[in-house]
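Structure first, commentary second.
Labels run A, B, C and D following the written order; every chain starts at residue 1.
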Amino acid sequence: MDDTGTVVAFYMLSALTIVSALGVVVVRNLIHAVVFLILSFVGVAGLYITLSADFVAVTQVLIYAGAVSVLILFAIVLTPTGDRGNQETFLRLPALLLALLVAFTLGYVAIDTDWAISDREGFQQTASTIGEALLDKYVLPFEIASVLLLVAMMGAIVLVRPDSAMEGE
Amino acid sequence: MTVRAEPFVVNLGPQHPSTHGVFRLRLTLDGERIIDADMVMGYLHRSMEKLAEERTYTQNIPFTDRTDYLAAMTGNLAYVIAVEQLCGIEPPERAQWLRTIMCELQRIASHCMAVGIFANDCGAWQTPVMHMLRDREKVLDLFEMACGARLTLNYMRIGGVSRDVPPEFMPAARKLIKELPKKLNEYEDLLLENEIIVERSRGIGVLTPEQAMANSVSGPMLRASGVAWDIRKADPYAAYDKVDFDIAVGVHGDVYDRFVVRLAEMRQSVKILEQTLDLIPDGPVHAQLPTATVQPIDQPVAPLAIRPPVGEAYGRIESPRGELGFYLVSDGSPAPFRFHIRSPSYINLTPLKLMSVGGTVADAIVILGSVDIIVGEVDR
Amino acid sequence: MIRLAEWYDFRDLGNTVGSLLDQIRDWGAPDWVPYVVSGLIGVVAILLWTVLSVLAFIWIERRVVGLMQNRIGPNRVGPNGLLQPVADALKLLFKEPITTREADRILFWLAPIVVFVPTIVVFAVIPFGERMVLADLNVGVLFLIAVGSLNTIAIFMAGWSSNNKYALIGAMRTIAMLISYELIQVLVLLAAVLFVGSMRLGDIVAWQAGYGVWLLFLQPLGLLGYIVSGAVEMNRSPTDIAEAESEIVAGYHTEYGGIKFGFFYQAEYLAGFAIAAVIVTLYMGGWTLWGVEDWVPGWLIFLAKLYGVFFIYIWSRGTLPRLRIDQLMAFAWKFLLPLSLVNVIIIGGEKLLWQEAELSSGEALPLFAVVNWAVAVVLIVGWAWVLGHQRPERVAHRAVLTQEVGAIHFGEPAPTV
Amino acid sequence: MLSNGLSVTKIITGLDIAHRIEQMFPAAVEDALPEAATVTPAQLLDACSFLRDDPELKFEFLSSLTAVDRLEYFEVVYHLTSIRLNQMTAIKVKTTGRENPRVPSVTPIWPGANLQEREAYDLMGIVFVGHPDLRRVFLWDGFDGWPLRKDYLIGPGGRFPGLERFPGESPEPLGGRG
């Protein structure tokens, strides 16, 4: 039963993810595109669940569907020309080519690789395992990523800071 | 580089929960900041000034109920005072005291609404206004006793008041003013120190005294800006020269002070009422009118048919909203040649743009609430 | 500590359902049948409960607020107006579902449905009783936050698709608010999870029952942060900024009518119940009550606590005015955020102390409770003072009384209250 | 001063105020009656600044501004109050004829005239030169006519609207416009 359920769920979620990802590219209305993007994120979260990665799945929903997409919405609404939607651009063909190239590469790698099946048990507590990995084994990359994000945040603040505030202080 | 949102225009009104009627405010916004405010009025314009030119002086009294419909007594009084100035009529003593009583009751009722609705505009979900309506109802009960109506009272007459109050009026009024201070304490406890109201209204919509005077702002708004100007004190009419009361004045000129001044004025009104109920003399309530010039053929002398001499008069009183003035020009005919209402609601709106630009939408609502407009009086 | 009980042990309805499932297994049904049946029972039970509770609380709220506002409230439909919510629901059902011409039709129709889903999904992880939980996830607490964040999207969809300026302002306000307060929520829940050591809601309840102490006594700052951010999330005064009636008419659902509005309305109540349920579970011991749950059904205890917490929100709605959006954001970023951070640090330190110093729970927990309450009081008062709470220009005052006509008192010190 | 020490507003009559204005601007006063002094439109702004700024007058508060249709001409009436000195006066300005009445705007002196002048323009059709935002205020843009003028919607037989005598009163004129 378990296998069938997982397989059915996998195909449904994959279909959802791929269709909504296509929707992001195809639809003209930017807001609709973001809604599709959110749907695609949720689909990916579902895929994580089928992999028993519950922590990652919930984090995916929290960070991507709940926060990142909201920031995108914010950006669209606050941009004066935000309501113009997806326009035709001359970059259409190069983008298509690039996308096909990436898809081909990924597909080739996926098919060509000899995937090993792990024989160890699934994690009972994924959260604590991830936490230990991040703060123990991979603490340096983790810290570097945090510093990078901090720098990016400060850069953004400096960029959007009104000129008057700089003069005033 | 400054990030700016696209300026966009929001219409507050004419149908909007907190424009106090059919008033429309066009706000140009940058995000939530107001960069321009434009008032659009006239949705309730009933052309009263033109209508009044077609009616006799007495027939015009009901119009004055329907300008400021939350303070009909003061509207009546301002008009009859202007006509009395025009004709040189002196109302009898008891009528003067009754006018004082009625005006102060009306002030309490009107300020109840003003403060309650202001709290509503701050977002207090109906609770303060419901409590205040309870006390306003009691005042309206008194009015019903005195003249049979609750809202459009039509109580004042040229040369006095329409009739004396019934004997049960005075005990009822005494009972009311005895319990009012307790209610006022309650309101002050609920609202005055309310952290959110203080935060929402302090430093918002500030008018300096110079700005307030230059913009012809009057009433609690002018007093909130620190100017001790109250026509009851400065130019006493009715019996205000015989009672003791203080002018309540704010010191910051912001929305909070307007609200504080209104609460303090309710207390002063109670103080005035306590004195008037003790001091009111007996006697007639209506002066004999100079009806000699009026001789309708085939009819007995109509006592209220007034034909004032040629001339003009500007009668003004302190209505709950400010200086309510009536400018009348008579050409000797039974109808006013020109009937102009100097309505405080309308003129207090003059500095609205000055006050609200730079604030947020939420501020604009609170500022509009603090002006305490009655659209019937704005549009007339 | 799972009680093996008979099906008629209604102290935990999970027993009844469990017996039923065993019965099904005995009939020889395949494995997935009891699995699906238990899911269906849970879903139906939750839906039924939420709908009934919402209907009841519409009536209760209106009557209670009526009492607070010294008026009667609905009293015409049915005895004491009890059927008023039913009448309201029927009215909403029969109303024409108007879609404005310039609206984005798809999103406009989708939004009420989308707003409904996350609010009701929250209840899947809430333990109503020991065995009465639909899906006791490992990451329950995180799930709560994640699902709560999806609300934002639905509200934005509603506001944007209405093509109405009030709705758009309301949507923008909602997003700005929710993003800020989600942070607070994460931090205060982090402190709770850190101390208990599990993200599973059942474990948190069991922890509180095991030590006989509610987290409310140990983490007052966390409770404060969660109550406030909960109020923000459920859009009730003093934080009903997104649908501020006196400013932007009804915010994001200005253009909605009929049953579409009904969905928003119900979702709002459900969000309220969800917040109350989380507060009860995390901070007030869930379905346990120091042994009383052995005699009284735990789910009744849970519901009583939940309604009690929800009553606080009704009360605040009937009492408080509304904050301005920038003030609410300042409250989040300048006040609650530093406090929650300090809270996390203190709680972390205490957890460490407890483990390293090998204190017994009888020694550690009372000590932590006293320390945390003292710290909370000091921090709240002190931080408010630092932020200028008592600055003269922010203190309430009274009017100056004068007899002198024409004098100008602007800028004088005013008599304080 | 009243007997109990209360003040009353001192009314500065039109004659007095005319005298004061004439001392400063000899040609400014057209006419003076006890009710109000009539100022020439050309020197209205000078006279008003003087009234506002003079330390003995200090009329910084424009109580009321309105227009009256006097059939041959229009007049604009300004009621002024001095809050600090508690006194009051009135001045007027006459337009020449009924066609295209123009009066300088006093908004630079009293910003409070803004809405009141708009109202007078809206209902009486008086153009206030120099007003920052002279638009219709109560009536909609494009409204035909100026409704408070006496000749707006003249009745049959050239009758002006208005009540000339009481109903049933003798038809002989008793004064007034009849």
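Here, a contact is a pair of C-beta atoms (placed from the backbone, for glycine too) under 8 Å apart; a residue touches a chain by one contact, two chains touch by 3 or more.
All of these numbers come straight from a predicted model, not from anything done at the bench.
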A-C or C-D, whichever has more C-beta pairs in contact: A-C
Far-end chain from chain A, centres as C-alpha averages: D
Between chain A and chain C, centroid-to-centroid distance (C-alpha), Å: 29
Chain A and chain D, separation of their C-alpha mean positions in angstrom: 71
Where chain C and chain D are represented by their mean Cα positions, the distance between them in whole Å: 62
Intercentroid distance (Cα basis), chain C paired with chain B, Å: 44
Chain D, residues touching no fewer than two other chains: 7, 83, 86
Shared interface positions of chain B, touching two or more other chains: 227, 229, 233-234
Multi-chain contact residues (two or more partners), chain A: none
Residue numbers on chain B that touch chain C, as the complex places them: 8-11, 16-18, 32, 119-127, 130-131, 134, 188, 192-194, 196-200, 202-203, 208-209, 225-230, 233-234, 246-253, 256-257, 260-261, 263-264, 268, 360-363, 365
Residue numbers on chain C that touch chain A, as the complex places them: 30-32, 104, 106-107, 110, 137-139, 142-143, 145-150, 152-153, 156-157, 160-161, 168, 172, 175, 179, 182, 199
Contacting residues of chain C [partner chain B, same complex]: 65, 68-71, 165-166, 169, 237-238, 240-241, 244-249, 317-327, 393-414, 417
Residue numbers on chain D that touch chain B, as the complex places them: 2, 4, 6-9, 35-36, 60-64, 66, 68-69, 77, 79, 83, 86, 88, 90, 110-116, 119, 123, 136-140, 147-148, 161-166, 168-170, 174-178
Of chain A, residues touching chain C in the complex: 1, 5, 29, 31-32, 35, 38, 54-55, 58-59, 61-62, 65-67, 69-70, 73-74, 77, 124-127
